[in-house]
Amino acid sequence: MITFLELLVNGISVGAVYALIALGFVIIFKATEVVNFAHASLLLVGGFVVARLHPSVGFWTALLLGVAGAAVVGALIEFLIIRRANVASHSVLAIVTIGVDIVLTTELTRQIGTDVLALGDPWRDRVLHLGAVSVAQTRVVALAVAAALIAAFLLAFKYTNWGIAMRATAEDAETAALMGVRRGRVSMGAWAVAGALAAVAALFLCVFPTPGLDRSTTFAAMKAFPAAILGGLDSTTGALAGGLIIGVTEAMMSGYQNDLAFLGRGIGDVAPFLVMIVVLLIRPAGLFGTRELARV
Amino acid sequence: MSDTYQPDGTDTSIPRLDVRDVTVRFAGLTALDAVGFSVEPGSVHAVIGPNGAGKSTCFNVLSGVYRATSGSVRFGDAELTSLAPHRIAALGVARTFQNIALSPRLSVRDNLMLGRHRLTRAGFVSAGLRLPSARREAAAHGERVTEIAAFVGLSERLATPVGLLPYGVQKRVELARALCMEPRLLLLDEPVAGMNGGERRDMAGLIVAVRESLGISILLVEHDMGIVMRLADAVTVLDFGRRIADGPPGEVQNDPEVVRAYLGAAAEGTPAKDTLVEDALPRSTEQAEQTENAGKTTTRDTAGKDEEVAS
Amino acid sequence: MSKKVILSCVALAAAAVAVPFYLEGFWLQAGLFAMSAAIGAIGINLLTGATGQLSMGHAFFLAVGAYAYVYFGSEPEGGAHALGGLGLPTPVAALLAVLTAGVAGGVFSPIAGRLKGAYLGIATLALIFVGQHVLFNAEPVTGGYNGRTVPPMELFGFAFADTPELVVARVPFGSLERLWFLGLVLLTGAALFARGVLRGRPGRAMNTIRDHEIAAGVMGVPVARYRAGVFVLSSMYGGLAGVLIALVFQRTVPDYFGLLLSLDYLAMIIIGGLGSVAGAVIGAIFISMLPQLLSRYSDALPLVAEPGSGGVSPAEAARILYGAAVVVIVLFLPGGLLGLAGRLRPAVARLTPASARRARATSATSATSATSATSATSATTKPPLSPSPSPSPDTRNR
Amino acid sequence: MDVHDPRPPGDSGLVVRDLAVSYGPVLALRGVSLDVPRGSVVAVLGGNGAGKSTLLRAVSGTLRFHRGGITAGEVGFGGTRLSGAATSAVVARGVVQVPEGRRVFARMTVEENLRAGALGAPDRRSAAEARESVLALFPVLAERAGQRAGLLSGGEQQMLAIGRALMAGPRMLLLDEPTLGLAPMMAARIADTVREINARGTTVLLVEQNAAMALSLASHAYVLEVGEVVLSGPAAELAASDEVRRRYLGIEDPVPVVPGAAGSPVAARPALARWSA
Amino acid sequence: SEKATGGGAAPSAVGGDGVKTGPGVTADKITIGLMTDLTGPYASFGKSLTQAQQLYFEQTNAAGGVCGRQLEALVRDHGYDAQKAVAAYTEIAPKVVAIAHFVGSPMVNALKQRIEADQMLTIPQAWATGLLGSKSIQVTGTTYDIDMINGVDFLAKEKGIKSGDKIGHLYFEGDYGESALNGSKYASQKLGLTLVEQKIKATDQDMSAQVAAFKAEGVKAVLVSVGPRQTASLVGVSLAKGMDVPFVGSNSAYSPQLLPTPAGPALLKDFYYMTAGTPISADMPAMKKLAADYAAKYPDTAIDSGVPSGYSAAAIVVDALKKACEGKDLTRGAVVAAHRGQSSWGAEFGTVMDFTTFDKPASLLSYVAKPDKAALGGAVVFKEAATSDLAKEYQVPVG
């Protein structure tokens, strides 16, 4: 039972980080209908800036600069590429972001080189004890931050002009422009926000219990894909739900892998994808996603 | 690998279409409410009604795009409400779309050849291997496509990507594609919307010619009353998903309920304070007469049933 | 015109046949990688390009093809790591491997038929991860992390291997030389088949599903079944590519069939040109040759540093170039490299008198079409203001 | 036949001078000049592909979305230059367009579509007022406030598109085929609406296929063909012209014209027999 | 035609000095291939290996070369990608006499047949048992399973693990982890321990769930056969959650780069790793000289385990060449044969290796090393190299 609780708490805490990453996907998807495969490299940018700067300017300033840096890179991607790509299909744009990701990741991993970079966070390796169950403080913070950000974006999308403008632009940029929306600003804003979020996610991804930022940090972004899809690519609530589901599934499957050995050991990594497939079979647009509308 | 479902494209008899008590509900909205009507074989039947009355929804049920909440649609022996779109197509039900739904990058010919899908059978294997059967089939159906294109007036555009054609011509491609299905029932959703007077005239003539030459049933949704009055043998009027009138056009036109819900004051012949209606409607009636004449000139030599075209 | 096409085809074929007699193993192998990639890319272009279904799981089907071939074609082995095998004749094994890949695609069809766009793309990611898991864990079949030896193909007693030795025109014919011809035949066959599909009835249905799903259904195309069918077909192409790559590698290793390979395939069709056979082939050549060329000529390239000396290494340069190529091509060459070729062709053709005549003829027809376009709307015929929009290069099925 | 407008350039309404527009190699407008005086309704007629929508795109600055651009001439409104300005700047001046083909935001609700329209409004209060009058005009939009716009019927979408544009409280409204697909009564309602908003001081440039309606609303009209103004003048005069009656009002000549062309009259149509196979 | 082929019997000739030569050997030059990873996950390791070997070749050349010929390295970076590795191998195979290091066992595995057919002496930089059993492929030192057996022995002897206890093993999917698992399974069965397995993939970063599972089982020690990142997470989380047990890693589980991270203190506390390769901080003249030479040549680069590992691998190849030269035959076959003639090589580098059999590890000796912030290479010898009795009885699975 304790183990179960421990795993559950663990899963939720990892899930919070996935949720933060997934939220980045969701925002770009809502703003441009593109699945942003370059999100992983934005994570690296954010983490890299924090890691490099914290020894000289202190953690909080470094974090601020990291968030700003990733936001700028996100905005630049939008400004230099997404805005100019005049393609019919969003799948093509998605593939373009793969290209962007390859370029950025290659260069950043070259910069990071062989190091494992610490981010200098104030929580270090402290854990919080909840009865017999313990959880890393960083993860508690991550959960709080994820919940707060997701709630904020949920409200922003629904109720602010920014959200309306963003969704309108995503759907039909020309008509949105006719409503007076400054398209460039709106989608650039979305990319910048996604970049900023990536930096925040990178922070929690690279601090304890993981050792730090290195070239393999981008892998974690892969797991946020099933999270985002499972929740529904255009749903902020979905990002949170998906992240938590993936986190818990993964933790449970890993923790109980001895009892599940018949599935092959190491099923923990595959399980999120299996869960995703099952959900998609039942709900092709994810748990909270809007079904594609088509009428003639 | 090849398409296992082989439609029977050879049945050319024209059965009756019976729509009975069809109800379609969307979350919190009844788009069709126990609607029923029949389309006699070989007739032109119009469905009219205000915007949002459920006309396109009705077409969507007939073509399998929407599933009816309840009710039945019989086309000959077949019950359409339980069939997927492609199965309905296989029965010879073809339609055009209110908003153009063509493949913009494909040539007109390719778009039309798609209409032959239900009548051809080349699957992945035979097309991939270019088996003689597939080649023969493509040639034979290609000829028919050329014929239909000529009939619709698209002969010179066959090689052009559809996306580059003007709107009016695209509308004609839509019609031609539906004809390429060799339909027994043709559903036309607002075929003349977005066209100017001359083009409307042409399209109306085309529809008459289709009916004359092929003798198929046509179900028509249109807001241009001139066209409806001239083409239709019978009219069903929907309002808020309910049928409010049904009958020969002349009768329906004067039905007070229809006038209230759809046509507005002018149709009653009362002097309208509204200059627009004054201007617009009489003219479209005038236009209708003109188009009718045009239709007659073409079909005079074929054994036309012009007498039946009520006005 | 057609004479010219035939002539250039013959010249191309002759060049392809001559290659093994002149180029060394590295080039043959690079060529074989490109051939395998081209087959796989044609498959994914049928799916993603022509039908609009994004797939990131193509590498999985290569794995299925490769491993199925090994399993069907190998004798079972005992020992510490017992390995199963059916010991079938290798051509049969290859055929069955392709079919198995198709079946694997078919098993996924409840998903492939229902999902589209980003959702399908990410759902297919699952194939990669599940596939890797199986490759590592189903040891009796796959050999686990060790992989398995690939039995050389043997056709009518002729082995595509280094032994028995064979010398043709004083050139020793090892496995690469022999496989070169096998690769050529397979690629040609795969390309012609795909071209037939794209130009025929299925191709039109696929394109319409991409452009307007509902219309496709109403026109009689069983949409879900077609989606699933194309998925199966594309899986079979992946399987065939897998068989070929296994023959070239001579050993299958699970690590190869990962996400990066899938992404490579997507890059190929974007760079080459979406939806066409030629585009897939061009993209495959580009993507599979680029890193190898950069690495081989790293010493001669000014930008690229020697391995181990710091600076941008050839592998890094290749990756950056590759990523940048995807971006640049989408930004500036919407039709891919093939579209570029299509745009250059008229310019080249203008240089020769025979084709100049043809060019004039086409511009005349476009003028008439413009005229009739205007007469559709105005009774009085006016001369067209401008040449009618020239059809954007239709790269769909070349 | 070019009945040139004798009036002086509009008093700081919309002024279009010698406008040429091309889409890549395709020249879509050439030497188009047009005036929409403040407070007037001006109609533009023309066949399919004549360049009507192109004209509106040039005014709103959305040509770049279609890979097109202004190659010569200029557009001015209220004394300032619009050509070259960003679409959002044009909207900020109060020039709002209802684009061709409805273009509602399908995935957003009706309510959100209206709010998107209000993004161009000068302030909150005027947006709230606009909302009220829009809902009074099209009550169905209030009924469907929570429904996704993509699921509305064709005509409902058209109403939404117009309502959405009105949310910005425009000084000038550009309408591209507003009655497309509307039932007769609703078309009449649109006409009333146009008249009403015009009466409240909004200048209107109306592009219509329904020439009868357009001419009844407009004080002045232009006829575009193949990218050029071929006819212009007071609406009543044009409505009386044979040329216009024949071409745009669907009133036919006794003799069919241009046989065999794409717009061929019915007589030239080859017969089509039933398919047998 | 003059076309060179990669596969099959390579052409050979006899040079002016009476030495028979084959691919990679000319009258004045011997070319040795390095198949490395400079851009993939093992980039840091690959870089150290490459630089150390280049250093060794330079020193050898300065001392007159081998057989009157100068050594030259042909470096190919495959970025840990099997296809690139195969392509690069095909390219360099006709041009080199041996491969002084080959990073990535999947890549070596993929090329196993060809390496054998080409009789290309190859030193993989991986220690999985799957690489044994091939005459041309020389795995240096111990294999991972031997290290783990010695590790369990160390736990039993020094950390109080006794029969009936549970120990955990965290390992990677793949040949590395599973080779190691073979050893731990064998040893724990022999000692009456219960082994709790946790398998992960290289993409896993956070070991919280695994720690929870270990904790739930009440393990008394944990064996670690994963990457350095996972090690750091495991050790850090364990300590934070109050699971204060000793950890024993495989040689690939540790990297000095981990010491500045938050997991550093935990690693310094009770973590050890088993290695056949002598840590460079060891008190041995060869290591001291190597450290000095390396620092002189590459002043800006940190020294890690790749340096001694690569250096000694280069020495193995060069020694084989020298022996082959004595027999006046520098063809690849002869080089492999010469190499396989050595039964006690490398005392100066620490552990002595026997190259004469190729279905057994070259050595059964493992050092116990311990992280140390101050030491060169971030680790010191905790216990001198030794072979446990368990390891002596152990039958290494081959292939």
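Of note:
Every chain is named by a letter (A, B, C, D and E) in the order it is written, and numbering of its residues begins at 1.
Just so it is clear, a contact is a pair of C-beta atoms (placed from the backbone, for glycine too) under 8 Å apart; a residue touches a chain by one contact, two chains touch by 3 or more.
For reference, the UniProt names are A, C = Branched-chain amino acid ABC transporter permease; B, D = ABC transporter ATP-binding protein.
It should be emphasised that the depicted structure is a prediction, and the values quoted were computed from it without experimental measurement.
With steps allowed only between chains in touch, the distance from chain A over to chain C comes to 1. Least step count on the touch graph, chain D to chain E: 2. Centroid analysis (C-alpha atoms only) places B farthest from chain A. Inter-chain centre distance (chain A to chain B, centres taken as mean C-alpha positions): 49 Å.
Between the CA-based centres of chain B and chain E the separation comes to 75 Å, rounded to the whole angstrom. Averaging C-alpha coordinates per chain places the centre of chain B 42 Å away from that of chain C. Taking the mean of the C-alpha atoms as each chain's centre, chain B and chain D sit 27 Å apart. For chain B, the set of residues touching two or more other chains reads 56, 65, 97-99, 101, 156-157, 166, 168-169, 196, 198-199. Counting partners per residue, chain C has 136, 214-215, 218, 316, 319, 372-373, 376-377, 379, 388-389 as the residues that reach two or more other chains. Residues of chain E in contact with two or more other chains: 39, 47, 173. By the touch rule above, chain D contacts chain B in their complex via residues 47-49, 101, 140, 147, 151-156, 158-159, 177, 180-188, 191-192, 209-213, 215-217, 247-252, 262-267, 269-277. Every residue of chain C that touches chain A in the complex is listed here, in rising order: 48, 52, 54, 110-111, 114-119, 121-123, 125-126, 129-130, 133-134, 136-138, 213-215, 218, 259, 263, 266-267, 270, 274, 312, 316, 319-320, 322-327, 330-331, 334. Put simply, chain E touches chain A in their complex at residues 39, 41, 43-44, 47, 173, 196-210, 212-213, 215-216, 228-229, 232-233, 236-237, 239-242, 255, 257-258, 260-263, 266.
Of all residues in chain D, only 60-62, 65, 67, 86-88, 91-92, 96-97, 99, 103, 105-108, 112, 115-117, 119-120, 148, 150-151, 164-165, 168 touch chain A in the complex they form. The part of chain A that touches chain C in the complex is made up of residues 29, 35, 81, 84-87, 89-96, 98-103, 106-107, 110, 222, 225-226, 228-229, 233, 264-267, 269-270, 273-274, 276-277, 280-281, 284-286, 292, 294, 296.
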